[in-house]
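Encoded as structure tokens, the structure appears first; notes follow it.
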Amino acid sequence: MDLIKFYEVTNVLKRLPRTGWLVKGIKNPESIAAHSFSTILLALIVGIERKDINLQKLLIMAIIHDLGESYIGDLTPASIELLGGNESKKKLEKEAITKLFDLLDEHKQKKLLDIYEQYINNETEEAKLLHQTDKLEMLLQAVEYQKVGYPKENLNEFWNAAESITDNTLVEILTYLKTRYR
Amino acid sequence: MDLIKFYEVTNVLKRLPRTGWLVKGIKNPESIAAHSFSTILLALIVGIERKDINLQKLLIMAIIHDLGESYIGDLTPASIELLGGNESKKKLEKEAITKLFDLLDEHKQKKLLDIYEQYINNETEEAKLLHQTDKLEMLLQAVEYQKVGYPKENLNEFWNAAESITDNTLVEILTYLKTRYR
Amino acid sequence: MDLIKFYEVTNVLKRLPRTGWLVKGIKNPESIAAHSFSTILLALIVGIERKDINLQKLLIMAIIHDLGESYIGDLTPASIELLGGNESKKKLEKEAITKLFDLLDEHKQKKLLDIYEQYINNETEEAKLLHQTDKLEMLLQAVEYQKVGYPKENLNEFWNAAESITDNTLVEILTYLKTRYR
Amino acid sequence: MDLIKFYEVTNVLKRLPRTGWLVKGIKNPESIAAHSFSTILLALIVGIERKDINLQKLLIMAIIHDLGESYIGDLTPASIELLGGNESKKKLEKEAITKLFDLLDEHKQKKLLDIYEQYINNETEEAKLLHQTDKLEMLLQAVEYQKVGYPKENLNEFWNAAESITDNTLVEILTYLKTRYR
Amino acid sequence: MDLIKFYEVTNVLKRLPRTGWLVKGIKNPESIAAHSFSTILLALIVGIERKDINLQKLLIMAIIHDLGESYIGDLTPASIELLGGNESKKKLEKEAITKLFDLLDEHKQKKLLDIYEQYINNETEEAKLLHQTDKLEMLLQAVEYQKVGYPKENLNEFWNAAESITDNTLVEILTYLKTRYR
Amino acid sequence: MDLIKFYEVTNVLKRLPRTGWLVKGIKNPESIAAHSFSTILLALIVGIERKDINLQKLLIMAIIHDLGESYIGDLTPASIELLGGNESKKKLEKEAITKLFDLLDEHKQKKLLDIYEQYINNETEEAKLLHQTDKLEMLLQAVEYQKVGYPKENLNEFWNAAESITDNTLVEILTYLKTRYR
């Protein structure tokens, strides 16, 4: 049955580690599922009660944005580069998620794919907010590692990546974070 | 800053194991965050395009339904019994989540608490669907363990618990699951 | 058979992590059983050859003092607070251990419960020494984490908690520890 | 300070895995400390209220019987054989524990070494009971693994080793265990 | 310094899990480095004293054959399919290893790349033997998991993959393995 | 069949942790297999294209140098001391590896044992290079731990051990490493 297959395929996200942390030397890092949960929650807290945001769309986007990794795992940065950069990565993830959504009936498939495309094209307010939320979650997790001994200087790339955050609410969090942990 | 505090408190869900699996003998089981993610995703797939369901409410409910465990951890079944049963557990989780939502501004707080109360009172369609989805997710995860060697007979309690599932879509999944794995 | 059931229930202590460390960000921390072992050993080394201490009673007390956690797990500090503080926690652990000792015959039950009550009431010399030993073990373990990179400032709460230690032998250890690691 | 050194050396028992399980293919098995705790507890439950047993001596013996492994780790069976069998192993563990007890003052040292020697010489009632309890604990742990999928046939060697158990109470447990899990 | 960089990049193989096992539900599986070691050792035992094999070349080939995964991780089967199948995978791994060998001086680079190309083109005796050894090692590891409870039926794909083994020595091992574990 | 037995015995190296790291407080450290792989690779990179080195011999030596640990595990430093120092350790490992090679046919056995003896006697150029490479790998791994928070001062013993490195290529790496990480 396709829904069970869908569950089985995405269940692997509970076991797949975030390779970014592994490459940086952190053993037994969070799973992709754990990161996704944290990003969804952050998106909810930031997106709720915002007039410029369709909350339901934002939540769905956050829930599905990493589902392609059920098939392709968490690609390392080097891997993305070798594949030809971000465009190729987006293409690959799009194929993965399309294959996954094939397990759903046509209506659901269409609706979810539509939202996914908004995300990778980064063209709607929800997509922009989610991309930045995703980035902030990574920085927040890195700060958690810093609090238990991961050296401060290793976080530079996360702080730099966060520079591209422009959403007011997120910038506010980021600014406070900087004064406290940078 | 309260939003950062909110992140820090809920970040622990990435590390806290589901004690139910530990008690049953499964080492290094999934984290609470991983289970939550899987439940949210299942709720999305089941709840999308359903006329009797307010999808946004269902998703928010799924995202927040285990947040109380950030403070109190995943209570063991024996623990719940000793605390005086399900009512006391609900009371405790309600207090935990209220404490957590105190970190949010009043508007968000009110909205989320309202949805949370619907959940624990199991009074709306969304609450009923989520409770059953949560139960089904546990069974599906148990089946995943069975597939790698966890003995069939250990799953009886999960199959029994799933008897209370009445939602048509979920019953359909359950029925198929039974013919294949019970 | 009740003794086997007793073994099975307490065996879970080998798998249950100390949630205090998890909450503080330490992954894969020691199990409750491992902490118990270390506390028992410390109690033996400190309590042996002391005229004011009944060694047999001290050892039994150390062995059983965390057994209630077989049922209720290692409650997080926040959890204890939400349950209504230390008194409620003691009540809960007392119920848990009573349930566990129900698996033993009446004589053993009575003897062990009697020692357990001395412990939670902190009224005998052995109880006082064990409470302080337990606290010192936590600090010593924290120092072990510090030695592999866990930041010094995270240990403040352990140093503060250790201020309540008054037993001469333990104070001596503590004093030396301070000069070396604080 | 020697007591702190003593703690540091024995703290490693929390991290050292039982190599017997590793060799048998079980990943992330219990630590030596966890096994010790379980053995101590079993010894307490079995030894309490027995007229032929000096309980205090039994408990001390159980607490210290694996301390030598702080220095030498948990020797694999093949390793023991290559070292020249059980006698050489006992000699090595004796040297290890003597080195460890050198960190204690003379009185404690003497008392503990005396009890340890009774244990390795297996000459007192307490020593005989502890050796058999240790063996039973291993079997009980193996049964725990069997309950989560470890194949029955792998337990034959544990059942065979348990044949040497003659103590009435332990035999009773063993007999029941056989009817249920063999 | 380039040699240190080379070490740092390949050191990640110690932490990267074999995703094939993760996808199949096995938690905390072997690292890529551990699998590589086992394959190298098997290649040595099988290839030594064989007249048709240049042993030095075989060993070098075995040592380097998975080094590309330092950059791209262990691609999941689904990932390879989505990338366009085995040819694209080979192309990607070739790019990865070329990038890695750029850290070595030209002579070493050339020599190692030459051997690597023989491997991916599967054109020399050493390449053919190594491909089959690699496949056999996966089956042998799967059998190890079977011995601790991983269900027999999950190994079918490994047995099927092993059908392509034609080397006499490896076929002999395989035949024996079948009679014992299939 | 002996070759399968050989695989089974050495497969345990994938699970056995390097006890040296455990004793130093590092949880879930690399396996013996992972360390071996890294040492083999380093030996290849350093030994290739060297006129004074028989590369094939060097690689075989690197592959087999820790195989004795399949039987005896990774002895702790304290354990080696108690066994009577390095000579006794070498004797024990020699016996272990002889027992292991008994599973191979006589020709292979003789050839591999001959190379192993050159290694433990440290009498050939290959043996000298491998001993130093092994030492350097440990230091490089320690530096990896330092990069994720393991305190600098804990590495002193590794830096000191590395003082015995005299091979020109290795000294060059070491010198650079010092300027960067000491």
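A, B, C, D, E and F label the chains in the order they appear, each numbered from 1.
Criterion: a contact is a pair of C-beta atoms (placed from the backbone, for glycine too) under 8 Å apart; a residue touches a chain by one contact, two chains touch by 3 or more.
This is a predicted model, so every value here is computed, not measured.
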{"item": "Neighbouring chains shared between subunit D and subunit E, ordered by label", "value": "B, F"}
{"item": "Path length in steps (a step moves to a chain that is touched) from subunit D to subunit F", "value": "1"}
{"item": "C-alpha-based rotation, subunit C on subunit F, 0 to 180 degrees, nearest 5", "value": "120"}
{"item": "Chain separated most widely from subunit A, comparing mean CA positions", "value": "D"}
{"item": "Chain whose Cα centroid lies at the greatest distance from that of subunit F", "value": "B"}
{"item": "Between subunit C and subunit A, distance of the C-alpha-averaged centres to the nearest whole Å", "value": "41"}
{"item": "Centroid distance [mean C-alpha coordinates] between subunit D and subunit C, Å", "value": "22"}
{"item": "Whole-Å gap separating subunit A and subunit D, where each centre is the average of the chain's CA atoms", "value": "48"}
{"item": "Distance between the centres, which are taken as Cα means, of subunit C and subunit B, whole angstrom", "value": "31"}
{"item": "Shared-contact residues (touching 2 or more other chains) in subunit F", "value": "25, 27-28, 144, 148-149"}
{"item": "Topology of the chain contact graph, where touching chains are joined (line, ring, star, complete, other)", "value": "other"}
{"item": "Touching pairs among all chains present in the structure", "value": "A-B, A-C, A-E, A-F, B-C, B-D, B-E, C-D, C-F, D-E, D-F, E-F"}
{"item": "Subunit C to subunit B touching residues, read off their complex", "value": "12, 15-17, 19, 22-23, 25, 27, 71-76, 78-79, 82-83, 92, 95-96, 99"}
{"item": "Subunit A-facing residues of subunit B, complex", "value": "1, 3-4, 6-8, 10-11, 13-14, 30-31, 33-38, 40-42, 44-45, 48-49, 55-56, 59-60, 63-64, 67, 104, 107-108, 111-112, 140-141, 144, 173, 176-177, 180"}
{"item": "Residues of subunit D that touch subunit B when the two form their complex", "value": "28, 144-145, 147-149"}
{"item": "Interface residues, subunit A side, partner subunit F - complex", "value": "24-28, 148-151, 154"}
